[in-house]
Amino acid sequence: MPRPLRVTIWNEFIHELEHESVRRLYPDGMHAVLAGAIQRQLGDAVQIRVVTLDQPEHGLTYEVLAETDVLTWWGHAAHDRVEEEIVTRVQHRVWEGMGLVALHSAHNSKIFKRLMGTTCMLRWREAAERERVWIVDPSHPIVEGIADEYFEIEQSEMYGEHFDIPPPDELFAISWFEGGEVFRSGCTWRRGKGKIVYFSPGHETFPIYHNPSVQRIIANAVHWAAPSGGLYLGQGRNISKPLSPIAAEHVMDESLHRSK
Amino acid sequence: MPRPLRVTIWNEFIHELEHESVRRLYPDGMHAVLAGAIQRQLGDAVQIRVVTLDQPEHGLTYEVLAETDVLTWWGHAAHDRVEEEIVTRVQHRVWEGMGLVALHSAHNSKIFKRLMGTTCMLRWREAAERERVWIVDPSHPIVEGIADEYFEIEQSEMYGEHFDIPPPDELFAISWFEGGEVFRSGCTWRRGKGKIVYFSPGHETFPIYHNPSVQRIIANAVHWAAPSGGLYLGQGRNISKPLSPIAAEHVMDESLHRSK
Amino acid sequence: MPRPLRVTIWNEFIHELEHESVRRLYPDGMHAVLAGAIQRQLGDAVQIRVVTLDQPEHGLTYEVLAETDVLTWWGHAAHDRVEEEIVTRVQHRVWEGMGLVALHSAHNSKIFKRLMGTTCMLRWREAAERERVWIVDPSHPIVEGIADEYFEIEQSEMYGEHFDIPPPDELFAISWFEGGEVFRSGCTWRRGKGKIVYFSPGHETFPIYHNPSVQRIIANAVHWAAPSGGLYLGQGRNISKPLSPIAAEHVMDESLHRSK
Amino acid sequence: MPRPLRVTIWNEFIHELEHESVRRLYPDGMHAVLAGAIQRQLGDAVQIRVVTLDQPEHGLTYEVLAETDVLTWWGHAAHDRVEEEIVTRVQHRVWEGMGLVALHSAHNSKIFKRLMGTTCMLRWREAAERERVWIVDPSHPIVEGIADEYFEIEQSEMYGEHFDIPPPDELFAISWFEGGEVFRSGCTWRRGKGKIVYFSPGHETFPIYHNPSVQRIIANAVHWAAPSGGLYLGQGRNISKPLSPIAAEHVMDESLHRSK
């Protein structure tokens, strides 16, 4: 039997403590609802840990990260409070193969923006409007189990285009908003050996993380982002001995390459 | 008549001053050869400026960048000496639409790595081996004028896979190396409104920037990376008034969004 | 001065003859409005020809195709009447480098489906609803001149997801529809040496081809799809003499390769 | 326990019967070696069936296809003998979700070319030269288990660029050839709900299908191409009743849409 997938759920965990409106929907924190959803969907195949911003090193010690196969990220009010050093640490783990599932307002998190190389900015409006999530890649494993061409979220925050991201490697969902916008709401990218998913539906004052379709997609995304085996190749490799014969004779001037 | 394309050639300009072997090939600096090649190919349609690392602000003042449509970048020995603040400034200009053509060892420059979000590391060997550059997207404007399926570089530095970059939006060239490696040597990406090209052939102690096919591709790349018009959308936009009517009545709790 | 781009506008030209409602909007045929729009935008840089279904060989003789750099296609009621042989002929010209701009109901044309390899089916509804076309790649040359994040079409036919196309190489527009759907309304692909654009806004009983933003995008698409120079490589090439030395001595058994 | 993945191995099965040189390497047919490799790698998770060209309907009856989750295809000498009707049938099954793994000379098969929409032509040479397969997407599930940056095939047929395919959705391998060419040897695409893999290493007179790395990748490819659940959306859907309210009142003129 293969080892369970080790999932770490990172939650900023501020709104739930400070706002009654959020606490009502997520009395044990959004992380609890996410953990439950992933556990129900993936069962024994996962082993879940929860960490939050206010823990030492934001809960993301070298040890925790070394034991994490897939990290989910929810942050909103305190992106700036995440230490650069921790962001660098997480980015290195993604390069080594750790999956990252960035949720909703994590579009503006330091780690997501570092991996994308863009501003990741967007239009937004909180008006409790209807969102209809259309599946545009019905064969993608991340949408497995969504039975129809779309699903609905009755009250949602609008995130709209232009969304300033690199063109996604795969686009699996586009959202329609009652107030008039569209949004690439389900995207994947690869960075180093790590697989990255961004999925926008989700909010602190709307009960979106209780929606079964949203839960299914997040669990699927965690499963999809699982690391593959193989080498990590994130260092320069000077291969002075060629694999096949080279006709020329050449002595490299090392002084030109010192800093490489 | 349209305004000429304003091209800024950034050169580290260290090897040419310090190494006789480099000076012999590029007596006026690699920037001079690149400038000549771009000028010959694009004629009156471009206006070229050259800047180097040792100038104040590395030659990349706000004013210079504001007047730059496409920036070419060559650095090797002193990537670390480029100030973070200048890198951030260049990155913002790319987001706004400035094209970036990263040449050869610029794969390891701070600006390229910031925009890619990966390590951009690779295998390498300097053994004066043959490189054969195969065109894999013959309809791409960047390879316009390359008359055959490939062109050759008699003595080259090997750059080989795995090259740790995001999957390119477009792949126009793959190189074969005598010693046994392959390399995605011609790639494009978009970041914000800026178009980015990476083209690996080029070196300080081999006369690669004198090769007519290499020159043609670099000039084409500069032309391709020219900015389009239109809006810069790199800020979050709170659109409280919807474009189409929304049924729900909802008052946003501003305290939840303060830091957005 | 470079040769003008030779554009051929193919129109089914049935609705305009048979339906008063269409004739009122397009008294000289949709092709006339398209030709005027492209001419106004690109001026002397283009030379336009119009051909229609009912001409011999549907107007697409070998000679006409040989003199066509970019072909635009509008068909709806009579896709089945386009001869397979002519479709094959057009497909070969695309492979050789001719650009193809498929408009609106041309999603269901034989030529488009042949090049895509999929059904190209979609949801649709004709209810005169509002369409809002969002630009999702603001740096793409095809959206040059669109000044805002979106533009509107007051009365449109809905085309909605899932749109059964190969994932586009580039996605430049996504449409929002009043009735609740989204659609990847602006896409590009490459096939052989040919560049292909699909742009959905446009209709026979709504005056969409009179919309300035629609006209601008179609003209830009024609310009973008212009062929590049270079080789056509659509035949197998048996290269018995290697470019670099091969150690093994081997005699190929020709009888195994006869049909290649 | 989930149902095993139903794999059908299609083999032209001509060379093995007609050529002693091929029979020596593949005494029971190439299909037997492929079946063994997939079975060993995936174990109880697969259930394998073998069919060949000379069977009625080429072994690809409606019933067999209905019971096939992933189809592997090897053909070379007799592509032309595959009936168009059967090709159409297979293409429809791919659209519905059946995976297709096209091997080596299947680049020139009717089914592969139909799905690609291009000529799929390439350079080639049979000279028993060395091929080195470089992994360019080390996180892709299809290269799971390949322990190094590359693997070698001592004697191979060269397939080289330009390979006239649509830009692959994912590129996981690039081959280096001793005689001087490169080739995109491992590619994936999606068409309809079906996942498609092309993997070039493999040959009738070289023992390439006995190579453990080649076997591993083919087995992984079969696993990766497994269908997901969900709707098949390959028909036009006229949605006359909108999901959200539309302000306009409009009566569609049915006569304009009859053929849709």
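We call the chains A, B, C and D, going by the order they appear; numbering starts again at 1 in every chain.
Please note the rule applied: contacts are C-beta pairs under 8 Å (C-beta built on N, C-alpha and C of every residue); 3 or more make two chains touch, one makes a residue touch a chain.
On a predicted model such as this, the values are computed, not experimentally measured, just so you know.
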If you tally the C-beta contacts for A-D and for A-B, which one comes out higher? A-B
Same or different for chain C and chain D, when you check if over half of the residue numbers at their contact belong to both copies? same
With chain centres defined as C-alpha means, what is the inter-centre distance between chain B and chain D in Å? 36
Can you check how far apart chain A and chain B are, centre to centre, with Cα atoms defining each centre and the answer in Å? 28
Chain A to chain D, mean C-alpha position gap in Å, rounds to 31
What are the residues of chain C that contact at least two other chains? 123, 130, 132, 135, 137-138, 149, 160, 162, 167, 169-170, 178, 180-181, 190, 192, 231, 233, 243-244
Could you list, by residue number, the parts of chain A that touch chain C in their complex? 123, 132, 134-138, 149-150, 160-163, 167, 170-171, 174-177, 180-182, 184
What residues of chain C sit close enough to touch chain D in their complex? 15, 19, 21-22, 76-80, 91, 95, 105, 108, 114-119, 121-130, 155, 158, 160, 162, 164, 166-167, 169, 178-181, 189-192, 204-205, 231, 233-240, 242-250, 252-253, 255-260
Chain D contact footprint on chain A (complex, rising order): 97, 130, 132, 135, 137-141, 143-149, 169-170, 178, 190, 192-195, 227-231, 233, 243-244
